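A, B, C, D, E, F, G and H are the chain letters, set down in written order, and residue numbers restart from 1 in every chain.
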Amino acid sequence: MRHKGFVDLEFVKLDIAREKRKGLPEIIYAPGKTIPQLNCIISEFKKHTTTIFISRLKRRQFEILRKSHRKLKYYKDAELAFLGKRINETRGNCLVITAGTSDIPVAEEAAVFLEILGNNVERVYDIGVAGVHRIEPFKEKIKNAKVVIVVAGMEAALLSIISGICPSPIIGVPTSVGYGSSFKGLSALLGMLNSCAPGSVCVNIDNGLGAGYFAHLINK
Amino acid sequence: MRHKGFVDLEFVKLDIAREKRKGLPEIIYAPGKTIPQLNCIISEFKKHTTTIFISRLKRRQFEILRKSHRKLKYYKDAELAFLGKRINETRGNCLVITAGTSDIPVAEEAAVFLEILGNNVERVYDIGVAGVHRIEPFKEKIKNAKVVIVVAGMEAALLSIISGICPSPIIGVPTSVGYGSSFKGLSALLGMLNSCAPGSVCVNIDNGLGAGYFAHLINK
Amino acid sequence: MRHKGFVDLEFVKLDIAREKRKGLPEIIYAPGKTIPQLNCIISEFKKHTTTIFISRLKRRQFEILRKSHRKLKYYKDAELAFLGKRINETRGNCLVITAGTSDIPVAEEAAVFLEILGNNVERVYDIGVAGVHRIEPFKEKIKNAKVVIVVAGMEAALLSIISGICPSPIIGVPTSVGYGSSFKGLSALLGMLNSCAPGSVCVNIDNGLGAGYFAHLINK
Amino acid sequence: MRHKGFVDLEFVKLDIAREKRKGLPEIIYAPGKTIPQLNCIISEFKKHTTTIFISRLKRRQFEILRKSHRKLKYYKDAELAFLGKRINETRGNCLVITAGTSDIPVAEEAAVFLEILGNNVERVYDIGVAGVHRIEPFKEKIKNAKVVIVVAGMEAALLSIISGICPSPIIGVPTSVGYGSSFKGLSALLGMLNSCAPGSVCVNIDNGLGAGYFAHLINK
Amino acid sequence: MRHKGFVDLEFVKLDIAREKRKGLPEIIYAPGKTIPQLNCIISEFKKHTTTIFISRLKRRQFEILRKSHRKLKYYKDAELAFLGKRINETRGNCLVITAGTSDIPVAEEAAVFLEILGNNVERVYDIGVAGVHRIEPFKEKIKNAKVVIVVAGMEAALLSIISGICPSPIIGVPTSVGYGSSFKGLSALLGMLNSCAPGSVCVNIDNGLGAGYFAHLINK
Amino acid sequence: MRHKGFVDLEFVKLDIAREKRKGLPEIIYAPGKTIPQLNCIISEFKKHTTTIFISRLKRRQFEILRKSHRKLKYYKDAELAFLGKRINETRGNCLVITAGTSDIPVAEEAAVFLEILGNNVERVYDIGVAGVHRIEPFKEKIKNAKVVIVVAGMEAALLSIISGICPSPIIGVPTSVGYGSSFKGLSALLGMLNSCAPGSVCVNIDNGLGAGYFAHLINK
Amino acid sequence: MRHKGFVDLEFVKLDIAREKRKGLPEIIYAPGKTIPQLNCIISEFKKHTTTIFISRLKRRQFEILRKSHRKLKYYKDAELAFLGKRINETRGNCLVITAGTSDIPVAEEAAVFLEILGNNVERVYDIGVAGVHRIEPFKEKIKNAKVVIVVAGMEAALLSIISGICPSPIIGVPTSVGYGSSFKGLSALLGMLNSCAPGSVCVNIDNGLGAGYFAHLINK
Amino acid sequence: MRHKGFVDLEFVKLDIAREKRKGLPEIIYAPGKTIPQLNCIISEFKKHTTTIFISRLKRRQFEILRKSHRKLKYYKDAELAFLGKRINETRGNCLVITAGTSDIPVAEEAAVFLEILGNNVERVYDIGVAGVHRIEPFKEKIKNAKVVIVVAGMEAALLSIISGICPSPIIGVPTSVGYGSSFKGLSALLGMLNSCAPGSVCVNIDNGLGAGYFAHLINK
């Protein structure tokens, strides 16, 4: 059933007006949806938009979906699927940084999303504060970026370091990397929220996509 | 052993007076009970009531139980089993709303329960506030419902929106849908408890049945 | 003692290179500092910068400090003091929104800070979701703002609503407004972190200044 | 400034359409508002409604406000002020129960609110489960009430007891009464949310008004 | 290596003086120990005591251990293994009560332990407050017990009810039964700690053995 | 109004049957009650019992109440008031131990209560584990006590030490003594609940009275 | 009463053997002790030791105590009192660092304590990571210190930075400096516990003394 | 790519200057890294250092890695892999103590690490406070150790006991051993942070390596 601004498939109301309102189409969040539901949503969206994202999609889900949607592409580190045409600009300069190697999947979710939307992305991975000199060769990049995403778990101190030297807006993504009293990302989240260095904000734990989305809005 | 108001099967004391006291028979909660225990409880209840509900029953448990209780029906989305006669009224007007697709199983637990007891149920699924215009075509339904159930995870903002426009009692069901700092439904629970809009209450996380039960009491 | 990039007054190391690095000078955070300490910091800063901010300054502290620093201005709702010259541009368009009246002091901290730095600020206060129609007349403003700050306590649902309709970056400031299970802003913080609508980020509870600072970076 | 459905006093947007939408006017929440703000809000509301409630108003605030609004009445146990005409029906039967004496102020907020709106209220105070026989003489009242409000702190076990014997909808109000591991009402809140007896719901800690409001909707 | 009061097997120091000091031998806690470790501990203990308990032993662990220790008995509901001679007294009167059927395993840990040590145990299972009349036929037992153990999950209100009518010491065992905001037994634990009825104490979540141990000390 | 087993003073239902049921009369909990309420409760109780306890009574409240109730006695360390005749037995042997000096007020609540009821009480204060040798001279007392109360804040390790050497039942009272991550007694509470030494139980934080009550039941 | 290793003043058991066992005498913790108690403890300790410390002593308490103990010295920033002879060595090199000015009182507690015991202390205050270049001129000090204490609130990132460059043992002291989601030092505590840089440990929130004590043990 | 002080393999920046700065090379943390990543890191590190540690490596991961790195040694209790030459000193005296048998894996991580680096390690396992006399034969060792590591779960009281008698620095490692309200190590962590005995510090839950590292720094 077609309503003003959305299509009603009963189990889902596709927000086809999202693109007009927000500049970006609705992103399909895979967890909690069955394969038939995802299939049906993609099929319907194809009629209304040229850009379909499916986030947190497992490889084995992707492989089933690809049978019906041959052009669906999959970015396995990011667990992100995309159907449509990549935008061929390389706008601005988005820098995606991680503190450690284990933070990379979350960072990739942000980076891949940004690239598809035509943002120029640079990645600097594993420069956490245990060896803060690793930041040195990237200082120019950090200062010149138009927006920076810092992905870090554990105590997430990297955000404050970057905030101390970077004049641009910085988006922190706490990750669930760690053990014991990291309490599945709580320590990183609190660390980022309480950063003593101004100029940074925070998204939900492991929410790489949200950070990418926000960076895109700034970089646009 | 038969006592006043209950039957004593040692491991369980069937509250056969519940129906008289509360208007509804005891609902069997499946988790933590073995198949033989469930079997035995159903058999005994059959002697005392015409309406048996088993909640949070897994399909594979249902399939074993059905061998002994051929008339047991199963509502798979709701994970609810029922033995008895559906009430053929369509009393009042209960509206069950979800914010997202992943909230549907919890909503179905409420909806199916209400329908079996003779309440007229309307479902409006996936109208979360990310696309608040999706509420528009259902506004009349919302205003005219005798009681509304709002099922939402994450920040559960939908409850406040519905509370702002609906003059009837609204029951919030926070769900464990989400990740990271949703802390398995805590964010949704706190969001619903702190709703700035008057006229709503809250049940336990994922407690669709409790919401359906309460809505039935109001709608009766 | 003068070091490269800072002045060492023993109890404080004034980061006089902050302005060069970050584009904005260090902001003095008053809590935990004595009047003589504040006095001394201001005097020293005067030699190095033309823009001095003191945040979370109580009126009675301000009145003492003004005796030594006659040009210090005080914005009482924001509890913010300023010494220097307001920037006379009116760049871009920053929209500061609150859900309720009690959220205004936190919002003012953001708004005043932004204005001093030459950003054009519009305020829309008390349009919380209990009466969501109050958003209607401001929809154009919301759509046209270059950056939006949403200040809300309790369940903080307003952030998601604004995120649903606004294409620009949105900064959420959870406030400690509320009682009981709001747990001094925790419910609002979790609500904002778990917002189902994309395009928003979050700062610390009651951190109006941090939101203003970040908005300034985007608007610049 | 007058908009569709509200009056804009800058620091507050009076939701004068609330009564039409919700059946009840906006209730003014005093904490966080100054006396001049409250004064101004009351004066404006007088033009639009005949029923003004101010909740959580301290006696000394009331005494100042009464100078400008001579007809303002004050219910000191409930910390509730009212201006308007009490409705002279005595609809239905609302039962307000407390577990202890210290829970009475929260209960009174519910009870007074209900009475002003024309609901018949019966109070049964201090029948907590330490002496569960105190429930006995009130059993008929409990069974015959159209809606019951149970106000309890500490472990809040009274809610489950009442739920076990009462066929009507029951609204639990956890209170911050207690010490140590009651954690300012958290134990009571969790107790009520996890009640094993069906037919009850829960509002925020100490939220007597919210419970009264919801009971009014059911009793109407 | 033999020391005063214990035997040193490197990975474990068997407290063979425990029985003399405490009246009861050390109880072997199985989780975190390997089968060879358990085997070795049992073999050594056999030389020093006639009463060996192993708690939280899985059936499959038991079956391997029995090959070396033929007289080891296993109580599957309680996940308790015992090697030695049951004491043939039937001292006093210990009453073990549960709120629900799912609480029985925890209760059995207490009950079996008490019986082996020569205490007379009566079990009354599934008399939770949703149907408080189920307590009635057992009131005499409750009043005459020398010590009562109450095992309950969710809101654990049964403890307060029993405390209200029983003049003997009552030991509460919160269980992890429940879901959502029961937070794995936290709601039951807080409920029991904050019981408004005097005469009860509390042990760790699911700690049936601890409760049985303490009841034994009182009943002795 | 007189009901079966209680007197109804509206704001309070005096449980005059408590003594018969539980062996001890209801104890009046002062916090949250006004002076007139306390006055009225004492006056009424005088007609029904010979033993009146008022707990957590501030000295200045006591001094007002004594004007009407001349025989009211006050134990200032314990903040406990008592009206009646002390029982002149010296039954059994209750040992009350504290870890530190700051824990004494909580301990005194237990000790004074026990003494009034005719229990022989010995106090051993300030033998916390920082100097565990201080336990030595009291070891005989610890071994011979019929019941032991251990009152401790911070990490509350004393409970486990005493449990390791004492064959009698031990009641732990966590206190709110400490700072920082003691979180107002939470560290002590968790420490006591997780004691690795068997034979101990726990009451609410700072609940000296509850511990005294329970010890009395055991010692009786 | 004199026992082996301690003096029994009833309300306190002075651990006069502490010095022999631990190398340092017992430190008197003032909170929760009355002036007469403190007076009495100091008088008794004078007979047994030449070094008396009283921590967290308020100035007004100090002024009363000094009347009886003329040689008592007071360090107001540290809220530490001392009676005895300062040790005139300047052993090793202890570096005490703070992230901000508000952390100084906690740092002083550590520094003063260390100095009195004959440790050479250097202070570097206010070099938090918002301006990480402020660390530069102190790098040699950091590398050459024998032990470092890092005192920081909010996100406490400074600990990780120092740990990254310093080869000596580093003791973190989280402080309760901050607001909102710093939750009175919890964010700093979790940040320090989860530091990604090896070589650091942590003490309780605001526990400057504990850090000083531990540094003294290492430096000795 | 080679930078000053590190090698850039994109997904990881090997901190080859760590050894020079900190005295010890970077330790590879296995969780969250794939086998190819680990392989590549080891291969690169081989060019720069003679001492490679891989922590929290599962046996099955080790077995694959060994195929490429034949000299890799594995310590299965510690889940630690090592490639290089053990240092043949036996410096100082490090004592590693556990409260129970289940704490041994965490203790071994510390002990093995210390031994490889040339520290003399003594192990005393399972002397928890339930049988505190088990400490007796090891008292001399405890007093003479240069540094002590105490590994304990549940209430972790052993730390305070050891702190009371040992004049050397003591490092506490809380473990996740326990159940129910141990909340995966939280009770042990809080217990250790709040220890009333001076001279101890704390690392993250289950962080044996961190404790070993720190002990090495002291013992060096």
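As a working rule, contacts are C-beta pairs under 8 Å (C-beta built on N, C-alpha and C of every residue); 3 or more make two chains touch, one makes a residue touch a chain.
All values reported here derive from a predicted model rather than from experimental measurement.
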Give me the set of chains touching chain E intersected with the set touching chain H. F
Among the other chains, which touch chain C and chain G together? A
Taking each chain's centre as the mean of its CA atoms, chain A sits from chain D at a distance in Å of 44
With chain centres defined as C-alpha means, what is the inter-centre distance between chain D and chain G in Å? 50
How far is the middle of chain C from the middle of chain E, if each middle is the mean of its Cα atoms, in Å? 56
Taking each chain's centre as the mean of its CA atoms, how far is chain A from chain C in angstrom? 26
Multi-chain contacts in chain A, i.e. residues touching at least two other chains, fall at 100, 130-131, 164-165, 180-182, 186, 189, 193-194, 198, 204
Checked against the stated definition, the touching pairs are A-B, A-C, A-G, A-H, B-C, B-D, B-E, C-D, C-G, D-E, D-F, E-F, E-H, F-G, F-H, G-H
In the complex with chain F, residue positions of chain H that touch it: 99-100, 128-132, 154-157, 159-161, 163-165, 178, 180-183, 186-188, 190-198
For the complex, which residues does chain F have touching chain G? 100-102, 104, 123, 125-127, 130-131, 133-134, 136-137, 177, 179-182
Help me check something: in the complex, which residues belonging to chain E touch chain H? 3-6, 10-13, 15, 17-18, 26, 31-33, 37, 174, 176, 184-186, 189, 204-207
Under the definition above, what is the set of chain H residues touching chain G in their complex? 21-24, 27, 164-169, 171, 189, 193-194, 198-204, 209-211, 213-214, 217-218
